[in-house]
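Below are the structure tokens for one structure; questions will follow.
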């Protein structure tokens, strides 16, 4: 290891980074094990085609997971992202159908996402309502609202713009799906922000100890408020990708999506208590679960077994992590 | 644009060539089926029908479950294509969500058979006629009401607005009913979620509001049974009540027809047959044969003990009597489809 | 104008004629209470000003107004002759006021270096955080003030005393004109205290105004130039330290004289062994600790920060797991090693961390007091609330616990009264051995003597009291025998009359 | 000064009378009354005997599970697996009934299974220290998968036991049996929380687990107890549901956990533990179910059944916060 890299290692989030790095190493090992296992057992698993497919499939949870992890790190939760996926698809598809413009459609979706983020953030940070309750409420409201508006019908993407279709079918260099590229770029940007921008560190501080953060001159409420907006906007991006993948605005889009993302995020070592975890960990958590379900499908295992195994792995992984943490403190 | 067009031409050419080279008895090695909701009895029996037909023809059938999630459906189909199946059969979670899938399948040269719901740009679909199914059951219900219910028909529809298929069933039922009893009314149009506990819950409230309901129609067996259970829970006698179910999905309706005095009519849809037909359609597509856009799978209203004509039931499992079901003549064309619904 | 501890070479121009901070007529009400009433305070640049008063006197309210945590209801705050509007901690920091609170205000998961720069990250090109500079500057700062800790260490992994030092160092990393320290020595070792005093004197020499808040008279006499005393939210006196004696200060603080802080009313301890600990070791800290405590005795444990007193306290009551050794209460072994066995045998812990290990803040006083003895008030599993409340009322009267009613949420009581509630909890249960860990932490002088009297009474009633403390006067004033710990080992046990400050400290250093 | 600081506080509210009408319950009571009045003005059938009984029966299932869940949330834990468990319990109960033809054995099997699920959750949370939200999401997935491994189809009623039908559809006098059962469980749970040492310990463990442990009380057992009780409540509810539906439905219970938790939270029980009451939960259940029922009675779009509770939950919590602030300031 070069001197420079040890330097940044130590000077940066330092011990935390090192600790998390170890956690990430364990997750990476886990991921490799999963991939290795299915490469031997499941047909066609270890192929460029399949692996890039999985990356495309994972792009949704990866993108939304960034926001989920950031909100977790700030010490709050957001379980409205699943319903949000369905909500923002409406302006997206409707505007595109009306105007034949991808830019306008995406702008409309982002505006909707922004409004939802502002509502969640305001109610949590400024009105002081527990974020689980707020987002549980907005989850119901949005889902019900989508059903009301659509009359429980999906709205087809009649515009079928090439640029929008490319989001689903297109691949960079004909290999990596664009959706995965978007997720990876966003991941890199936000990982950088969380580790190397003052704002990112403020989020960690606010989640780690809000009172201390306030004394250090941070506007705790504004930081949390902003986190909800980030989360909603990222979920909006995930919603756009999903709408492209299913070529329509689906009223049922994202049902139970929040559970998947929360599970992957916690699996990735992001603590519900706030202040602990990294986006890299979250990404590894998402990939582990995604490759797992892909592999289990590849083995031809029925849904019920997939559910049972995923459930067991989530409990086991978190229990293992907890045991490790306690041993670290105890030793 | 040009590029994709030329790809289309190329793939069409390849298809045409392979079709020309193939003999009619060519069998696909492997068929992948992405179902909507594998844990539901309806799809369980669709899968059973597919499996028995695939076994007959020596085809390997793999099944994946979207578990009511379109995103998962797309993923599962992608997995199948990566695996290299010869034909895909898909039950769309809903009509609009699989458009990109059909696009992808086309660019991968994998023929697709849809089961249940039509999709823009599809080649072929195997499905029952939902409206007709409801309609014929409605006619039977009208006859029953005229004879046993003093010609009155106040209907509680335990519906599911989520899907156009189920909306069509309810419409068909009312229209069929009105051919016999013109002043039949739908007193309540409920969203029972297609599952029994929700159906039970919403029906309780509706029954409490309107005591004059005398016909319960359910868009599937869970819905009709949920409605009936709400009736029973309210402490009412089943005299003067008619319950009509749809689907004949599993064992529940047989049980109900044996034990519940009001459960007299079942609009059977023979899921096994639908699966059977889907495999046949897949083989035809694989061989490049002409197939109609809508291959109709037969349905039939069953009164009282009619179900014994089509099923063997030993108390724990049912077995379809293929001869009887295969003898049913499906209509060429549906009276109404989801396309009419959108108008 | 600004003073930057990082670059001490620069000369600092401070106008000594203008007060660094001037508070005039400060008033603050909380619902139904006047916390501060017309309080004045003037801090001169380059001077060390002590602020004293009992808990509830209004010291922390005053500091919090200065820090922008609370808004004020009346009065003005001027900095260097200019009136300032401080509405949030951010405003206060901008004005160059650095407050080191008593409770650790650091992010446990961050590195020490990052915590130093929490209030403003140095950024490099494009606004990225300059981690290299953070580490280098932190290291340089620590070196300059003679504080030996790894800037890359995770803050939460450091002992409390070092965290306290990190916090003090943080106040120096940015431009500060006023530095406020609230009880900074409460968890420091003697070495660290002298290090701290050196730092404070240097701050003053640089022209910074220092406000030093403390209960400890000796410290104040050692370091302060001027002392302001508050009582009941009012200003009592501001005098140069030279005009004060111990007695005058105490008199100002509590409005009366305390004859004797440590009234001893109990007789000589018995010879019956109430608690015996043999070869106790834990994974974390303790190594082969053995001792006995007798009924009616106060056995004092002294040790520097990190010596393992709290660990020992938690291990002998069954709270923390042990790796080897045996604990017996009245000859019965503590098996299994759990608190419920411990309490059944008659040993309990009065924790040093009231908030997170003792109090149920949201719940009323009576429920807090009866927690350990609910079983005694139960009939067929139902709580006999009448007799429960009667019993609690009895303790409230006896211990003069100041609470408006038994239904008051315990978080609203003062520290001393909270401590009395927790002592009541154990007395209602009836113990043979009580382990008290830092019994007077966060408790003011007046209440302290009451707690000491209570401890004396406990021993007088035949309990064995094992007292963990870092306060030498407490140790010498209360204990019958004194045990000293160093790095998890027991290094000495001596009778009170053989103990001197010197041989105790020698044993504590090991 | 100490004294004056303290006298202003909320002390009187802790008296029994005050407790009854304390805090969020008052807000909820008003909301409930307004709802009932508004709906009955628009649709007089709302007050028909049949409808009131229908509402009560719907409330019964939720209230049974919410009684346990209130205890659990008071200890600062939560259980998301109750919906999935509800479906599984019904299937197992029905299967055992079919093979043994004994209502007692069927009930016992259902309770044993549901209790075991609660025990498993409790052990994972207390021993393995897994956050209960995550642990029970895991259990939820395992149960959802597991029920289909157990049965692929609804378990039909082959035993035809009349007593089984009575469980869901029977009456005691004019009151449906499920309502009687719910009332009993509610009363038992409320009395436990209010009057017993156990109840006091449950609050205490939610308020400060370490303090409870240091006081010689086995805090982990208390949490375990709350998990098992919640499980057992699911067992009772599951059997009633399967009786009502006359089948063990593996698809039942979707979203049930959210309804239950929403009702408990709406009732003013704090997710942070140590605070809450069963009376609040009862009001929470009633409000949610009256909304559900009212929307059908009024013939409104049923999609509002999601929107309105969402708004009510946020609004009620917000009003509670505002009221608290007003009390303090």
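In this document, chain identifiers A, B, C and D correspond to the written order of the chains, with residue numbering beginning at 1 in each.
Convention: contacts are C-beta pairs under 8 Å (C-beta built on N, C-alpha and C of every residue); 3 or more make two chains touch, one makes a residue touch a chain.
All figures in this text were calculated on a predicted structure; none of them were measured in a lab.
Distance from subunit A peaks, on a Cα-centroid basis, for C. Taking each chain's centre as the mean of its C-alpha atoms, subunit A lies 43 Å from subunit C.
Taking each chain's centre as the mean of its C-alpha atoms, subunit A lies 36 Å from subunit B.
Counting only residues that touch two or more partner chains, subunit D has 148, 303.
The residues of subunit A that reach two or more other chains are 152, 302-304, listed in rising order.
In subunit B, the residues that touch at least two other chains are 39. Touching pairs of chains, sorted by label, consist of A-B, A-C, A-D, B-D, C-D. Interface of subunit B with subunit D (complex): residues 39-41, 44, 188, 190-191, 193, 195-198, 200-202, 204-211, 222, 225-226, 229-230, 232-235, 250-252, 255, 259, 315.
Remark: subunit A residues 43-44, 47, 49-50, 53, 56-57, 60, 151-157, 162, 165, 168-169, 242, 244-257, 294, 297-298, 300, 302-304 touch subunit B in the complex.
Interface of subunit C with subunit D (complex): residues 30-35, 56, 232-233, 317, 319, 338-340, 342-344, 348-349, 351, 356-364, 367, 371-372, 374-375, 377-378, 381-383, 402-405, 407-409, 412-414, 417, 425, 429. In the complex of the two chains, the subunit D residues touching subunit C come out as 1-15, 195-198, 200-201, 203-204, 207-208, 210-218, 274-275, 328-329. Put simply, subunit C touches subunit A in their complex at residues 67, 69, 88-90, 93-94, 99, 101, 105-111, 113-114, 118-119, 121, 123, 127-129, 131-132, 134-136, 151-154, 157, 283-284.
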